[in-house]
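When the chains are written out, they are named A, B, C and D in that same order, and each has its own residue count from 1.
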Amino acid sequence: MSKGLKIVTIGGGSSYTPELIEGFINYHEELPVSEIWLVDIEAGKEKLEIVGDLARRMVEKAGVKIDVHLTLDRKKALKGADYVTTQLRVGQLAARALDEKIPLKHGVIGQETNGPGGLFKAFRTIPIILDIAREMEEVCPDAWLINFTNPAGMVTEAVLRHSNITKVIGLCNVPIGMERGVADLMNVEPSRVRIDFAGLNHMVYGLDVFVDGKSVKDQIINLITDPAKAVTMKNIHAMGWEPEFLRALNLFPCPYHNYYYKTGDVLAQELKDAEKGETRAEVVQKLEEGLFELYKDKGLAIKPPQLEERGGAYYSDAAVRLICSMHSDKCDIQAVNTINHGAIEGIPYGSAIEISCVITKDGPKPINVGELPVAIRGLIQQIKSFERVSIEAAISGNYDTALLAMTINPLVPSDRVAKLILDEMLEAHKDFLPQFFEKKELQDNLS
Amino acid sequence: MSKGLKIVTIGGGSSYTPELIEGFINYHEELPVSEIWLVDIEAGKEKLEIVGDLARRMVEKAGVKIDVHLTLDRKKALKGADYVTTQLRVGQLAARALDEKIPLKHGVIGQETNGPGGLFKAFRTIPIILDIAREMEEVCPDAWLINFTNPAGMVTEAVLRHSNITKVIGLCNVPIGMERGVADLMNVEPSRVRIDFAGLNHMVYGLDVFVDGKSVKDQIINLITDPAKAVTMKNIHAMGWEPEFLRALNLFPCPYHNYYYKTGDVLAQELKDAEKGETRAEVVQKLEEGLFELYKDKGLAIKPPQLEERGGAYYSDAAVRLICSMHSDKCDIQAVNTINHGAIEGIPYGSAIEISCVITKDGPKPINVGELPVAIRGLIQQIKSFERVSIEAAISGNYDTALLAMTINPLVPSDRVAKLILDEMLEAHKDFLPQFFEKKELQDNLS
Amino acid sequence: MSKGLKIVTIGGGSSYTPELIEGFINYHEELPVSEIWLVDIEAGKEKLEIVGDLARRMVEKAGVKIDVHLTLDRKKALKGADYVTTQLRVGQLAARALDEKIPLKHGVIGQETNGPGGLFKAFRTIPIILDIAREMEEVCPDAWLINFTNPAGMVTEAVLRHSNITKVIGLCNVPIGMERGVADLMNVEPSRVRIDFAGLNHMVYGLDVFVDGKSVKDQIINLITDPAKAVTMKNIHAMGWEPEFLRALNLFPCPYHNYYYKTGDVLAQELKDAEKGETRAEVVQKLEEGLFELYKDKGLAIKPPQLEERGGAYYSDAAVRLICSMHSDKCDIQAVNTINHGAIEGIPYGSAIEISCVITKDGPKPINVGELPVAIRGLIQQIKSFERVSIEAAISGNYDTALLAMTINPLVPSDRVAKLILDEMLEAHKDFLPQFFEKKELQDNLS
Amino acid sequence: MSKGLKIVTIGGGSSYTPELIEGFINYHEELPVSEIWLVDIEAGKEKLEIVGDLARRMVEKAGVKIDVHLTLDRKKALKGADYVTTQLRVGQLAARALDEKIPLKHGVIGQETNGPGGLFKAFRTIPIILDIAREMEEVCPDAWLINFTNPAGMVTEAVLRHSNITKVIGLCNVPIGMERGVADLMNVEPSRVRIDFAGLNHMVYGLDVFVDGKSVKDQIINLITDPAKAVTMKNIHAMGWEPEFLRALNLFPCPYHNYYYKTGDVLAQELKDAEKGETRAEVVQKLEEGLFELYKDKGLAIKPPQLEERGGAYYSDAAVRLICSMHSDKCDIQAVNTINHGAIEGIPYGSAIEISCVITKDGPKPINVGELPVAIRGLIQQIKSFERVSIEAAISGNYDTALLAMTINPLVPSDRVAKLILDEMLEAHKDFLPQFFEKKELQDNLS
């Protein structure tokens, strides 16, 4: 195998791309990438070119031999790929803004991944990802699909259940962020931290937390009750925790758990932000504009530090570290979204879970968890129910199923309000939801 | 076995007792009861005497040979019992009023069975029921414990997990009420209706609905979207359902599902009721006063029709029908709360479920369900998680565990609000919660 | 539904048919059958006519209005059927004789259902049954398929996994025979006996045994250790049991368990029988010849009592009782082969099991069993493994898979001997095994 | 933690001990052992001294600072231990000889681990191991118990189910031997080989086999059908496999699978060996005598190469590698016996399995397997059923349970023969089986 690896990145015009490029540059010795194909759609052509140019400058400055290709022809790009990464965003940030704002009008958190907003992100995204999966079956059946696109849990499960691609991994920066957060709190090198992760995407818990193999869970639980010490993300308000609650929970929650264990308080905060025109989508839109201005600068040949404000911290690390371990059969431990196969009791055998895995050439192998602590089974199951009904609606375009998904989401207060939000969002996102508005040929794809 | 059966009813001074007595009278030929022991505590002595006198008048008028005993000596009553029924209410309706009103002050539904109110009812009740179970082990180890006391699901599970009594059944009038409701809607005799029930107490679904063995589920689903046709109960506001939601759910929900699928709307209604001094507890308190006035009338020797307003419709039927089928090994189908043993996938093996069972002399045998429909697994699991953590807190009296239970309840919006409600309710119910306030000897009872 | 029921019986020329006819006559009031179609193949035409004539005489003599049709056109017969019963035997008793004798030559019990013989019976039968299932999908998709053909467990599972027919039930006379056996031993009416059955076809255990709802398991276990009191069948040598073994097993085994718990002793006996030309196939061949002679007698218009020697005792009762309970939604309890759906822990969710069910219009509903006693899980799993690999080989015609099935059968002592038996039997049954000898189109049918 | 580790080895007088000592010497830099306590019983005092002296000479020659203590006072030795290893043999090789020979007299393979012989080894060993566990609870509750004593699967499960010690690992040299065998066959360094192991002790399969992360399973399967290339052990006759069988099985079997897939052939060979006085026990007895003669030589200060004939190849490596990885939280992959917790579907949650694990300071963490291939579920379940009933009999000393265990063993042909073997072996091993012959106080220890 003298030939290097071919990487294909769908949604290559994303502002995140320089992260990824930086990763491939840093790991180049270990991971012999020879081609990176950045793919985007007509509407994203301009961004693709800006980002692509920066990528080429970065590669050149680093002195590594990687060919960067830019294209709108996805299938051509996919041909013979070794790894396909997806970071596309249908409807761009404008769509995300609607995902957040419409529910808020009805007194409901939008939550762009596991909430009403995430439901619509799934509706817009899943059909596209399944198209990609079908193309991969044809032109690169042995490639791994590494999906960053949210809602990453649902997207992974949709591929597992509704395509023939089994080599799919969903990747999120939450687990790596939690490990770095612990390293900071404990003042140790990240490599000395290990967390036993289990749950779903954006609904993952640290079952235990180790430094050098010794549990420091109790210390972490004590520390993070203080909002100032919260392990969180750019896009989530850190609020701390009631200490007695967290002690009894006896787990290390992820930042997204704020939405579910502090729903009322997060809602109040989001309503305030919205009034000031500071929903996360709005904040990010401004950040992105700034980033693209920077990217255009021909003098720039590294990832600009401002990108870290964007929220995708460690994506580069997470992605390249994963591909690297697979390529070299490293058998180290990383948390990814993969098929359950009984690793977590009570979650369906064929469903996607987020879990600590041994990373091998043959893919991620979950470390067995068994029964989850009693207190968290309900919430995890509820999100999984929501995910599965959402996927069904995303593929079938069935209105009733969509209403069912919206109603059973734990952020939504009633079937009545669910219908109000659903109707308004369907109308708002109409252009990106052919399955709900065109003839229902797609419905046949649902088994 | 020429000797007749000995029935012991704990909480015998309850306003429901005449229901039960009427049942034993009606089924006397089939079910040879010779003694009924009505047991209560010192504080309930007066009511016990009023109800006991009425019971004796009813038996006499009916001309059946049943000795009605009244006693405050529970252990003496239990000795040699064949069936023990529990319908006690620790703290009476005054406690229930607090269960409903305190959460409402914080913008949260009280829900006296699976909500914050139910949590405290469990705290007050479970230790008493476990005491009864321990006495039964000693003086009537072969008797069946048939529990009506709410939260009946948690009480049943507590007995299963924390006593040596395995012959325990939780009984609720919701399933029988749903069957009668269908009979009314379809205008057929109740005996022609059969529902495949599965779920938890007050969280039970009709998976299918039959008349003469043919499914009428679609018709029922269409009918009950109309609030005027809702199959509901005296204590629950019927609100109808969004038709598309119910079609996609494709199940026959129980009246209590209003709390979970229409949380916002029910809350609004309850806040209104509370303002008018018309919480359910307050309404019932007035009803009860009226009932006891009636019961005192020496001329009354039948169950007064006004009892039906009380909310326990069909309890008599449900209870006596169950005991009767067990006694005669009738192998008919009734829905009760019993141990899962894998009948419903995804609910713990040793947990209590509410499910259609074949009723034999050897106890209820669940008809296997397997996997629940995807959409409802989450909510059912969440209530089960809540139930199990609640039981743990009820026995241990551990504050942190209590806060965890309160926070994971789906009606409660955050750990912060959970703590406010918890602290206020602990204070309000102090007298009935020795496990939280006295030295923690009880804690040792938790395995 | 003024029109009566249409019954179709595939393999209508079987010597068992008069049993079935008698059943439909006896239950005619309750079960309004108007047409019975007896279907057979060209090679069985003569027998079909003999049996068909007898059937008509029986119906006429009984004075019931049932039209008996005889045909070789299966698809025509199936059209619009309500219940399809299958009792076909590919290769007739001559094939069964080979199933028994070839293994014996290699020192191995043939066992025509779960042994090496059963493997070849499955190879000959399953493709035909799947053809029938496919025809049913087309011309009578709402009919129930009630299969009597052995190996009934494998046949049922093959239909469940490899056709779109879900309304399939496997029926065996072992459970009803065990109930009658208990009735005899306890000297009570059969209707007073109930057995909790669980396991696989010809590998079913009585988990408990009741008379009037009270367990008599201990008495039965003591009684049947005596060979003279064995509850057995015409085709199985009763040998009694070591009392200490059976007490520790603490279950009521079925007659076929002799093959697995007494392998050495049964083998010795079968070798003796074979020497005398008295294998079961040979005995039955003679019986059958005699039966057909009787059937030809135009003066005969009832089921001749000699049929009971044949081994199929109670088939009529079992079959007609089942259809009758389904037709009237009787909700009584009968043991049949149906899909597991988690009723028995540890057996695959989609596999066929033999279990006590509530019989409804909607089909049999297993009464939940949960975990089997530890001691029997292994053997049951081993037979299920054998069944599943056998089905795979029966459909694919793959030699390696066939050898795997033969080797893992608990009666077969090694891969080497398995190969000897397999090769000799493949050659002997060549004419009935196109999937192993013709081009492998069939292989594609295996999902 | 300036203080080094304390290792306690029960059965320290075993001929294997020099293996272990060599391991601790070789890994001393990485694994700072400061004390090794060799413990034995009065009857083994002489051997203990011979072996202990050799151990001291080895340590001294190697120039590492490890104190070797010899003692008959087990509890004193255990105090404050970090790792306890058990390699005791109740009744010595004389007992093993009976385990092999008595069954053979009745035409049954003895099989000293999962066969009738193993049943009696379990009877003799499990009570002693549970005594050790109870002492550990008292004097070294944080130590890890690493058991080498056969039947290692049953011993591990007995500790898991019948003691409070959860930090127990069963260790066998079969997995490491299979990896070395593959390395030899593929002519690569052992470190490049990885096998996905799953199953039970001496009933473990390689689900897949990798060199540098790429599967070589097909090649291995082809190679090992040749008896000359069998991956086997000193104590097992290699016989090769029918190629079609192994291809369909599509797994890498362990050497002990010869007993179950080639029962007849192994039995024939063992009968021949027995005639020549060459049962494995007899061969090993001679080897051991020779070894102890060598050990006595004061000039010997290394492990003598002749020890490798003894059958315990790689034990040193396996044991020390395991302890080393735990001590340093190495997170590498090794196959050990540990609690299932759902890692393998269909095996009880609380049972011991043999499986590839990530080895951490917190113990071994199984890599999830999910459902086993259909063809092997039966045999694995059957051995597990046998193991569990055997453990119950070993603790209770109940004769009936013992007969049940013997009868359900797949090597035993009938309940009748089981009883013959059982009775003769009980008599032969009487002195080591107080639970079967003395008053039944022990029975109370069984939960």
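Quick note on the criterion: a residue touches a chain if its C-beta (ideal position, glycine included) is under 8 Å from a C-beta of that chain, and two chains touch if they have at least 3 such contacts.
Here's who's who by UniProt: A, B, C, D = 6-phospho-beta-glucosidase.
None of the values given here were measured: they were computed from a predicted structure.
Undergrad: Work out the mean Cα position per chain and let me know which chain is farthest from chain D (6-phospho-beta-glucosidase).
TA: B
Undergrad: Round to the nearest whole Å and give the separation of the Cα centres of chain A (6-phospho-beta-glucosidase) and chain B (6-phospho-beta-glucosidase).
TA: Averaging C-alpha atoms per chain gives centres 44 Å apart.
Undergrad: Approximately how many whole Å separate the CA-defined centres of chain B (6-phospho-beta-glucosidase) and chain D (6-phospho-beta-glucosidase)?
TA: A distance of 53 Å separates the two centres.
Undergrad: Mind pulling the chain C (6-phospho-beta-glucosidase) residues that touch 2 or more other chains?
TA: none
Undergrad: Chain contact graph: line, ring, star, complete or other?
TA: Here the contact pattern is a ring, one closed loop where every chain has two partners.
Undergrad: Quick one: which bits of chain A (6-phospho-beta-glucosidase) touch chain D (6-phospho-beta-glucosidase) in the complex? Just the residue numbers, please.
TA: 194, 208, 210, 212-215, 328-329, 331-333, 341-343, 345, 349, 358, 360-362, 365-371
Undergrad: Applying the document's contact rule, which stretches of chain B (6-phospho-beta-glucosidase) touch chain A (6-phospho-beta-glucosidase) when the two form their complex?
TA: So the residues of chain B (6-phospho-beta-glucosidase) touching chain A (6-phospho-beta-glucosidase) come out as 241-242, 244-245, 247-249, 261-265, 346, 374-379, 381-386, 388-389, 398-401, 403-404, 407-408, 410, 413-419.
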